[in-house]
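Two complexes follow with subunit A in common, the first pairing it with subunit B and the second with subunit C.
So, the complex of A and B:
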């Protein structure tokens, strides 16, 4: 059932996914064709700048749109009356969003690699002694960590947006205002949860990460010790939001 | 329906709490959060090359006896200084190479580098000087290299170093003079006096028995447990001073400063950053421009001036103060029983607290001031 729900979400958003991915693909190829004619810095700026604006906006818009279209197209009755737990539906919607985000990030990374390669910047970097001394294993780990961090960040923002939207559906009027205020309220709560976590979860063991720095021409790893309390608190906060979203859909929201 | 009602009531309660919280939100709520060490970089012990060297060789140098002073000149690399278990000064240096050539080629490269480094002792009476050269260029097969000098110094021997790179100096039971650039400096358990001039670095000085004088250009300076005076200057960087038995005299340009637990007098000149001074046994004299100044726990005389920034001054203890505070183009808030006069844009508050033994002079120009007593 979950898989069918997931496929339904993917198919339901296929047009915008294709438009977004296709558009960025064409933009990347266009910029790649400008290598040698335009300034390298301008090409890279034109590649990175739009993504930094489009990507968060798309994430936010889609997070809300996944539920909004259920009410707009009168399928919310069907959604709420399906003989499955709400978590099946909500997790499928989140999985769809994360699939889009992951796909976009992979496309973005591949496009960036193409442009760096074609402009010769990557070759220059590889030719430096310092680059040759950085273990590939560390670069891969950092890449995966960055990828996972972005996905988790997107997940939290999406959950906030979705809880705010679904909560606003419990009101007959001023739904927009309720949604915006709930959004503000949840981010305030998140900041306070982090604040409390720093004080009360200080007993949790620290996380260690190797950070690269170059000292006198030699790449070196420095050990970063990070408080795990705020991270654990954010995971618990996200889990709480997910549970709240499911509870609202099952027990509070009416069609 | 009951769940829906609970949700809405919870939402309303949370909204009221959040509104109250947001209404009282101030800059200190954010800076307060930053006071926790969420991320910390472990010191030099937590640092290691990203890949182990492909070749390494050691060069011991002849021990030096009857030495009262030792100096190191021209080192570009890393320096480790430890106490000597014997009465002699001992030294050795290692050459580490990273490269793609076969071991024989790297060995030849190391030999060529060792010739250029040409580390040798020069005796001048009871002073031993370790002179070192630096290779002009890396041999073809070498991608990176590091020269590390290990020095063991007996008790009572003074140490003077001029170098580029990292320095880890511990247990010197004499004076220390260090001129360094580009790297991390750790000085621990030194008798002193300590004099450090550093640029583009991160300097940590801990447990010094004598006075410490540090001039740092671009970087961060952390000093704690200084039994003598702490003096110096930080330009474009951050200063943290904790537990100083003597007087403090520092200038901080374009950076933040935090000074805590000083038994003697504190004299600071700071700009473009927040300055926090907490728990001072002696007099406090601070001139701050373009940034907030917070002095908490002043027990004796205070003379502070702030231009384009806010001031918080908290007097502490049962002492007495004769207060003269003036604020131009800003608010002056206080619960202390002071006379208040306002003319044009200038507010002056004055009066005596307790026996008025210590003078307190406050000048704030274009900023708010808060005076309190705890």
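So, the complex of A and C:
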């Protein structure tokens, strides 16, 4: 059942996904073709800048669209009449979004590698022997940590947007206003949760990470200590939002 | 079979009472005609049974339970509006919906698809209104659901499609295991289908009973009774 729901979400958004991925591929190839003709810094800026704008906007837009479309096209009748717990539907929608984001990130990393290679940045780094000094294991670990952090960030933002939209469906009028205010309120609450967690969850053990820094051209590792309270609080906040979204779909919202 | 009970149910939309203290028990193993003009509360009743609306007051139960994923597994609901994904093909719709129901009967689905003259590779949004209505019937009747809810299945479709839809309802209905509740404001074509009828007026029961008995007692057809009730 979950798989069918997930497949439906992927297929239902395939045009958008193909356009986004195809567009980004073309843009990357175009920039790669400009190496040697345009300034390298400009090429890299043109590569990174759209991603930092398009990526969060797409995440927000799609998060809301996954539900908005159901009500706009009356398929909410089918969605809400299915004999499944709301979490089957909500998790499939979130999984679709995370699949898109993961695909986009992999594409972004591959495009970045291509441009770094073509502009000679990677060759310069190889010449400084940095790759011999930095263990591959550490690079992989940091890459996965970054990947996971972005996915978790997207998940939280998506949940905020979806809870705000579904909550607004419980009102007959001024839904847009309700959605925007719920959104603002939830982001405020998220910031407060972070503040409170620092105080209340201070007893939790610290997390330690080896961070790389380069001094006088020599790479060296430093141990960085991080409080785990805010991270635990964010996970709990996301779990709370997920439970709230499911409860609203199952017990409150109507077609 | 499923027993549906409305206990003093009120449903409001703003200042309007779509259902007003409605108390009704739907007899098992029958086809109940839910009759009334637009705004009488027919669709609201069906949506409450399907779990798409929640009562403001009172209680709706299916086999003693309030609507939930468990009761939804017993219900095949066909809304009046187009509710199927337009980008899917007919076959994709059937594959998608069938994955959620244990009582889905693939052989019956295939038979109905052929009977309705639907092309499995056609996209839903490219189908005519009549064909979309036929597809909705295939989706609802391909299951051995104990409770089938049909909201205006004949509304706005061409005569050949109406005839096919009615034939499908009659041929697929299983008296020993199913209950059908069908709303309509067009009594002429569907009169002979109903074992029981419920006339709704402004969210209340205006008249309810065994169709045959009402005809005998009042010496009128259901169509004439409809005109009398809503005169």
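What we mean here is this: the second predicted complex is superposed on the first by the 248 of 255 C-alpha atoms of A that agree within 3 Å, B and C clash if a C-alpha of one lies under 4 Å from a C-alpha of the other, contacts with A are read in each partner's own complex, and residues count from 1 in each chain.
In this text, a residue touches a chain if its C-beta (ideal position, glycine included) is under 8 Å from a C-beta of that chain, and two chains touch if they have at least 3 such contacts.
Values in this document were obtained by computation on a predicted structure and should not be read as measured data.
A.B. asks: For A:139, decide between first (touching subunit B), second (touching subunit C), both and neither.
C.D. replies: neither
A.B. asks: Report for A:123: first if it touches subunit B alone, second if subunit C alone, otherwise both or neither.
C.D. replies: neither
A.B. asks: Of the two partner chains, subunit B (first) and subunit C (second), which one does A:49 touch, if any: first, second, both, or neither?
C.D. replies: Neither partner.
A.B. asks: Report for A:77: first if it touches subunit B alone, second if subunit C alone, otherwise both or neither.
C.D. replies: second
A.B. asks: Given the touch rule stated above, what does A:243 touch, subunit B (first), subunit C (second), both, or neither?
C.D. replies: Neither: A:243 stays clear of subunit B and subunit C.
A.B. asks: Just checking: does A:109 make contact with subunit B only, subunit C only, both, or neither of them? Give me first, second, both or neither.
C.D. replies: In the superposition, A:109 touches no partner, neither subunit B nor subunit C.
A.B. asks: Once the structures are superposed on A, label A:174 by its partner contacts, choosing first (subunit B), second (subunit C), both or neither.
C.D. replies: neither
A.B. asks: Could you figure out whether subunit B or subunit C reaches more residues of subunit A?
C.D. replies: Looking at subunit A, the partner in contact with more of its residues is B.
A.B. asks: Please indicate which partner A:19 is in contact with in the superposed arrangement: first for subunit B, second for subunit C, both, or neither.
C.D. replies: It touches nothing on subunit B or subunit C.
A.B. asks: Per the definitions at the top, what is the overlap between the subunit A residues touching subunit B and those touching subunit C?
C.D. replies: The overlap between the subunit B and subunit C interfaces on subunit A comprises residues 251-252.
A.B. asks: State the interface residues of subunit A toward subunit B in the complex, per the touch definition above.
C.D. replies: 129-130, 132-135, 138, 167, 170, 181-182, 184-185, 188-189, 192, 195, 198, 211-212, 215-227, 230, 247-248, 251-252
A.B. asks: Of all residues in subunit B, which touch subunit A in the complex?
C.D. replies: So the residues of subunit B in touch with subunit A come to 3-4, 7-8, 11, 14-15, 18, 21-22, 33, 36-42, 46-51, 76-77, 98, 100, 138, 143-146, 164-166, 182-184.
A.B. asks: Under the touch definition given earlier, write down the residues of subunit A that touch subunit C in their complex.
C.D. replies: Listed in rising order, the residues of subunit A that touch subunit C are 1, 3-4, 8, 11-12, 73-78, 80-85, 172, 250-252, 254-255.
A.B. asks: Taking the complex as given, what residues does subunit C use to touch subunit A?
C.D. replies: It is residues 13-14, 47, 50-54, 69-70, 72-73, 75, 77, 79, 81-88, 92, 95-97, 99-101 of subunit C that touch subunit A.
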